[in-house]
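In the two assemblies presented below, chain A is common to both, partnered first by chain B and then by chain C.
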Partner chain A sequence: MLEFILEPLNYAFMVRGLIAAVLVGVVSAVVGTYIVLRGMAFFGDALAHAILPGIAVGYLVGGGAREPLFWWALATAILSSLGIGAISRNTQIKEDTAIGIVFAGMFALGVALISTVGNYTVDLAHFLFGDVLGVRNADLWLIAVFGGFVLLAILAFYKEFMVLSFDPILAATLRLPVRLLDFLILILIAVTIVVSLQTVGVALMVAMLVTPAATAYLLTRRLPVMMALAASIASISGVIGLYISYYLSIASGSAIVLTCTAIFGLVWGIRSLVRVNL
Partner chain B sequence: MKYWLSFLLVLLLAGCATPAPDAGSAQGAASLTVVTTTTIVGDIVTQVGGDHIQLSILLPVGADPHSFDPTPQDVAQVADADIIFANGAGLEAFLDNLIESAGATERVVYLDQGIEFVSGLEQAATGEADHAGGDPHLWTDPNNVMVWVHTITRTLNELDPANAITYSANADTYAAKLLTLDSWIRQQVALIPAENREIVTDHAQLGYFVQEYGFKQVGAIVPGYSSMAEPSAQELAHIEDEIASLGVKAIFVGNTVNPTLAERVAEDTGTQIVFFYTGSLSAPGGEAATYLEYMRYNTTAIVDALK
Partner chain C sequence: MALLEELHKTTQHLSKHRYPHLDDAQILQVDDLSVRYESGAALEGVSFSLNAGQRLAIVGPNGAGKSTLLQVIAGVLPPTSGQVQIFGNAPGGHICIAYVPQRSQVDWSFPVTVSDVVMMGRVGQLGLFRNPAKRDWQLVNRALDVVSLTHLAKRQISQLSGGQQQRMFIARALAQEAELMLMDEPLTGLDVNSQEQIFTILDQLKAQNVTVLISLHDLQMAAQRFDEVLLINKRMLGIGEPALILSPENLLAAYGGHLHLVPTSDGILALGDTCCDGEHEHA
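Coming up: the complex of A and B.
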């Protein structure tokens, strides 16, 4: 049994992959609780597309260097999320529709930029996307630093965010700076998305953002419990998924996502049989 | 507000009305309009067709044929072409839809005809091979390109009998260059000690080269023939073991793909990454602007890394 657990750890990429999956899992799942509560599950996927113009410009400006692309993507993601926030705050348009407008526009802008240049040497759309097996040590620091920053910010504004997520009307009555907090939450989500994207790739990022938090939501309505549950489910899925990928030879991202999905199905099944209330 | 809107509309319309740049439209003498998919097919067709054809190439320099998305201009070019040359063997995944919407099904010539497919990579049998026929990277062996030259010449001669003598003469000249290239590659490969002739690539794209010149494909970072597949942890562990136990000296990575995974494998196993040209030539005037330069560049890169 011990052999079974230790054997994959002989490979440096497995160790880095496990650390990355757990770190990304914890940060994404905690941030994901806000995403699930606000009903903006497609924000992750949308931002992954919306950063394309930033990557295209960054690629051209940087003469093909890959390192600066992360910062271009981050800046574009933050701008896009602020755009989404501005549209949904200042118009009657709902947030998910605002996401659709910004995502489609930004993605099209990216494709237009790339097709205008014509002579591009890489498949830019996939150039930033990481793979959980291809994580660098530098990437681990990147998640640790940005993830730590995101978690600290959530801790600092914990009460405000909670009121805002569960009862926006109360938040307004309490005279909280609703608009500012709203933008802050969108920025935190955007940072989490870009960092996850760069380390583990788009499919895994979307799943880690939504599925564990949704699973936790089946079990509890209390925010701290929901966050802890989501973070545990995400990290456990990351570890189990990577072991499945190692022993059953399934593409790693898919193995982790499917583990998340299976845990969701399991919890859903159990919940419909017995009442659980945490 | 209204004024601005109409101004914007005018701008948009003006943008649309700008005529599309048409490659090679200056050649008034051209008698055939030819479209090719990749820059490599384009180069070979140019060698045979010379000034008598007006050539457009669908894929921009550096584009990965596995993930190319055609524009309406591309569809229009295909619709207007007298003949379309494609690599075939499943390389151009975008092509079926494109030729159908352009109504050009009858006018496509696939250059995989008369070439025996290899499927040298064992991993491909278990992995996600999206080309049923085998490795689609036919041009990595100049002897396959010799077959292309025959197919292209035959096609052009049928369509444009008036210039058949020129096409055949061009083809003979180029065939001689291919023969020279072939023997030059053999000389170069002979410089690599026999026990070092082991190749690891990012995806299986050197199958014909490997088979023709006596290499052994140890494996590929991404299973299968397409750059779009993803490996499992087991496959990656397997390839690292192979690299370590065989003492493989380099990992060859196409210069159009995301090299993240290959870089990690190289770091973990202490091998070096060598970039080479895969599905596309370099820009005109670059280090691999023609097929002959492309093969020489890649061969030199491989020989330098392994000898």
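Coming up: the complex of A and C.
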């Protein structure tokens, strides 16, 4: 049994992958708590897809190098989230429609750009579904610094975000800077998506944002507890998923997401049997 | 422009600077207020004023603009024309106004406890990056005590009854140290006992000189329990003593064919629009 656990740790890429999966799990689950409570799952999914052209440009400009990707993705994510917010605020189009337009258009542009390169299927697959075993030390630093920034921001604005999410009219009568705080949440989601890019990729991103938080929501009605539970579930899923990926040779991103989904199913099943009233 | 306004709000939230309360100004003055949506007028030419400690019931049929009026006074919704002044200044610079929402508009499964919600009333005065201090907890505990919810402080909000939910939001307004409370249909859907508890709290608020504006469905309750009513149906139909304002002519003007007037021994009884739960006007 011990052998079973220790053997993969002989490989540096596995150790880096595990660290990345845990860090990403914590950050995306905590941010995901707000996404679940505010009903923004579609926005999160769309934003993840919308950064593909940014990644593509970074990829083409850098000739396949990894360094520029992060920054291009970050810039695209922030621009897209602000763009979606601006479209739905300033036109009569409903927000989910605005999200649909931006999301599909950007995603198509990303695929088109990447398809101009010869061996595009392999690279496209990495962007879509993640490549956590390809994480390098420099990537770990970026994940830690930006993930830490997201968590600090949530801690600093905890009470403001709680008021804004629970009762926007109260936030307005308390004269909180509502629009700035809304934008800040969008930017935190954008940064989280970019940080999580290498673990699960754009196509599976929404699972990291909503599944652990939704599982925690089945178990508690306390916000701090919900965040802590979501973070634990996500990091455990990351670790279990990577072991499954190692031993069964399946794609790492899908193994992590499938583990998250399985834990959700398990908790849901047990709750329906036990009938806990929260 | 919008960005500048947000930055201004942020600095205010950081520095805790607010508009001063001018001594000679009334707590609330509404001048020729109109709100138009794309679908048409929601309010037209509403003017009235309130002194500190007054209690006014706003009555009118569904879609009369009662919620809209409260939200404009709260400074949440900008008027199309006319103005609202709180202690002589626009509502946007005041945190002394509390809006008590309709219960149907609240997400009751949100993961917060009763005391969390009441503490939210303190967030405006706390400002950014500050945690609740001893005085904030004292205010929260006192507010919970006033509305008799101390024993439920640690409950999740979905575990409360309708009357308790309503009292929790009044406690939040108390914790906010609000001088003007705007209550949107606080009595709708409550049983008689819960309604009486709310009235007891309203009397305490009056004793503390808190000004309260309440929107109501129930004409009979407005007539029996309030000294002053404002009758609107988009336009203003009158303000003053219920006996004068809720006259058959005014009520017909407000409710049209939806109201039945029944002559009785001591006057005319209006059987009105008291039925329709869940059919609320939306801003």
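Here is the rule we go by: the second predicted complex is superposed on the first by the 214 of 278 C-alpha atoms of A that agree within 3 Å, B and C clash if a C-alpha of one lies under 4 Å from a C-alpha of the other, contacts with A are read in each partner's own complex, and residues count from 1 in each chain.
FYI, contacts are C-beta pairs under 8 Å (C-beta built on N, C-alpha and C of every residue); 3 or more make two chains touch, one makes a residue touch a chain.
Nothing here was measured: the structure is a model prediction, and the numbers come from that model.
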| item | value |
| --- | --- |
| Chain B versus chain C as contact partner of A:Ile187, first or second or both or neither | neither |
| Which of chain B and chain C A:Gly17 touches, first, second, both or neither | first |
| Touched partner set for A:Leu218, first chain B, second chain C, both or neither | neither |
| First, second, both or neither for A:Ser245, with chain B first and chain C second | first |
| First (chain B), second (chain C), both or neither touched by A:Met226 | second |
| First (chain B), second (chain C), both or neither touched by A:Leu82 | neither |
| Which of chain B and chain C A:Met162 touches, first, second, both or neither | second |
| Chain B and chain C footprints on chain A, overlapping residues | none |
| Chain A - residues contacting chain B, complex | 8, 11-14, 16-17, 115, 118-123, 126-127, 129-131, 133-136, 242, 245-255 |
| Residue ranges of chain B in contact with chain A within the complex | 60-64, 67, 71, 126, 227, 230-237, 240, 255-258, 260-261, 263-265, 267-268, 283 |
| Chain C-touching residues of chain A, taken from the complex the two chains share | 37, 156-157, 159-160, 162-163, 165-167, 169-170, 172-180, 217, 220-223, 225-226, 278 |
| Parts of chain C lying in touch with chain A, wherever the complex brings them together | 2, 6-7, 9-10, 12-13, 18, 71, 74-76, 92-95, 97-99, 101, 106-107, 109-113, 116-117, 119-121, 123-124, 126, 128-129, 156, 158, 172, 176 |
